[in-house]
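What follows is a short report on a single structure.
The first chain written gets the first letter, and so on, giving A, B and C; residue counts start at 1 in each chain.
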């Protein structure tokens, strides 16, 4: 396991990730995927380090994935449980983070329902010269970098199982369908996929994908990368000839906000089905970050079709990619 | 540690357990009990494997026991916490299970307030050719196999501490007292004890033990085992000459359902006391699956009498028996 | 790591701790602090032992600190979660403790909102000749010994970083400011600091520090130690020439109990600020057990001043001191 050219202390967003950095994550995840397929499934890479999961917004799936990734690397894991926390006693979030720093935390995985909390913690950790790395486990509508990186890794694995590389994505057409406006997963994927040279097509009703979304997004790019994003308010042009389709979880509360008429109408307009995938490339595969509303954003039949769905592969990739991130951020710490 | 003739991927119910399989569990638990009495208390048997506790119905006692058993076998443990889970986001239980499968889970311990959930998960795991083993940690009113097996092990240990074997149970009279109708513990014990040749006597008021219960139970047996079960609506005939008495926890909500007049009257009719045990064999011992309502199903005095109560031994046996089950189900996996 | 003259099975209160015992804790914590600064950060001292955190009163900070301390000593940790526990099913606390004993627990850390629960569990463990050690993680208004010991260690480290010893505290003036009446932290610190020969000055409004508090406290002392405690109802005389100032968390509910006019008035009278510390020795440092109400008991500016605040050092010391306590109580067990 060589650590090639990784200079990043924190992973907060993918907006400024270069193609080289993305490829480093993929390469590192490949080697951890091999570890996971061996009998022992553990490496001593982060022995003695403490990874603290600070999940202010509850999540079973992502927390378990990070917990397992950290344990596979032989780190000790602390889980911060907001329900039983000092937060109810009026402590600020930064003070909570500093308490875990003072206990000896080396890496923090932070999830919060508000945008910017992981960034704020990372800035505080840097101000204190703590050396602690902060990994954004999902913040508000802003970013969910480990999800986009596991999607990238899943795509690379699918395109070339023997030699997965992010370079394979160049020129591929990838459709992202659903509640893009409220999705941190979509935003992180947009940075990631376009940096790899993929052409991304977005599809959603205008209430979930307002006019000018893609242009405004591209204009924020901190890197001089040519980003190919096209947006549609119907499904067919996005699916046409697509190599991959990523559908997003529909938050049920969008209905009560009058952004959508009904789940049934949404499914009729934007729900993925086997039939509709006929518009895509014959080799098309479907991704979903989970948890899934069956029969809403995707039909049960399609979700359960192992020839078409990459949903389980995404979860499996998640452990390898999170091991890669924790490894790249953590190795060498505490020496 | 030799693995003799264990063919079972899942442990969902004891209804089809043969006497040989029950004896295999007892023998394996004996060897783990020896491990627990050594200084190290750990064996590397399941190193690298992931045991996920999926407790949809909360439980401290049983979850901690499984967690400790898994750690003693050097497995990594993930605890699924329903309160903070994707279930609140509308994900199905099978999708939750498949997520943990995709993360790398090898063994799942599933507890759910509804009958059949562990079975449904096991079927799905088989359908996917996952190789994952599912252990029923208690489902609805149906089954709680690890509890009955730890009861069996406790009885075998008591009958012959030097060479505990399930064969010692043949011909023994065992009384089960209390809310049998609503008890998965009683059901699993009925399968287990009768398969070992014990004579089981049930005692409860008719609202908690309706006429014909035992006959209906025996008629469901999938194995050609002669099962000796007698039911009584008073306590004395069940206790008479009994070798062991197992009393069950009384759910307080039975009162509001008008199944019982009052806790006090219940205790007068069916509560175990030292006095009442005089009807039994002089060597009689009492079991209770816990948690105990002191003064309801059992007097405090009796519960705390180390000469009569096996309640602590049951808890201790629980760790050894759960190690045995996880070992038998898990060893060889992932190679 | 030599175990010198430690005879105590339980750590329930510091009232009867001798200066020698306090020094043993400091010395042992020093060696674990060195462990924590090494790359591995783990010692196999308690391998195979089970430490159960029984936190009936929720706490993130203290539970995580004990959990990490136990893991650093290679113990297995069980966390008892009251929300999902058998307590809701009517089990007594002692029965819960006995269940964890029977599972194989060697050390219990007990926190409870009522005074005396850790003591009651310790007595029961002794009555059963279990050999289990009970560490009071905070009970009611009574005691929080590990907090006072980490405060002691922090003071000793500050006074002489190269050779920290409790003997350095002799003759030092230490002010404790705030809600002393309702603080188990203050009580444990009073026993600890005065046993080391420090002069303790208390400052709070009369509703939080009634007349005669110090005298009544001293009169309870089980040891023939001369204890120097002075109480004040204004801040200035306590701060005057003080070497250290410890401020306490103000429970917001004191307002609704009409013990205090308002948070703002409290801060004006007893809140610590950089300005006010000019009354103290030039080398003065501030301690706070956390979590902090910024702007109430201490100004944000002061809390964040690394030249004045020891708050982070306290948290770091906490892991080393808890390792020391678990080690002193646990080593040799299970052999």
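Please note the rule applied: a residue touches a chain if its C-beta (ideal position, glycine included) is under 8 Å from a C-beta of that chain, and two chains touch if they have at least 3 such contacts.
Quantities reported herein were computed from a predicted structural model and do not represent experimental measurements.
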Check: Between subunit A and subunit C, two copies of one chain sequence, what rotation angle (nearest 5 degrees) aligns their Cα atoms?
Finding: 120
Next item on the list: Tell me whether subunit B and subunit C, two copies of the same sequence, contact each other through the same residue numbers or different ones, using over half shared as the line for same.
Entry: different
Notebook entry, point to check: In angstrom, rounded to a whole number, how far apart do the mean CA points of subunit B and subunit C lie?
Noted result: 41
Check: For subunit A, which residues are shared contacts with two or more other chains?
Finding: 81, 83
Checklist line | Contact set on subunit B toward subunit C in their complex | finding: 36, 38-42, 55, 58-61, 64-65, 67-68, 71-72, 83, 249, 252, 290-294, 312-316, 318-319
Next item on the list: Going by the contact rule at the top, pick out the subunit B residues touching subunit A in the complex.
Entry: 47-50, 76, 78, 80-81, 83-86, 89-92, 95-96, 98-104, 334-335
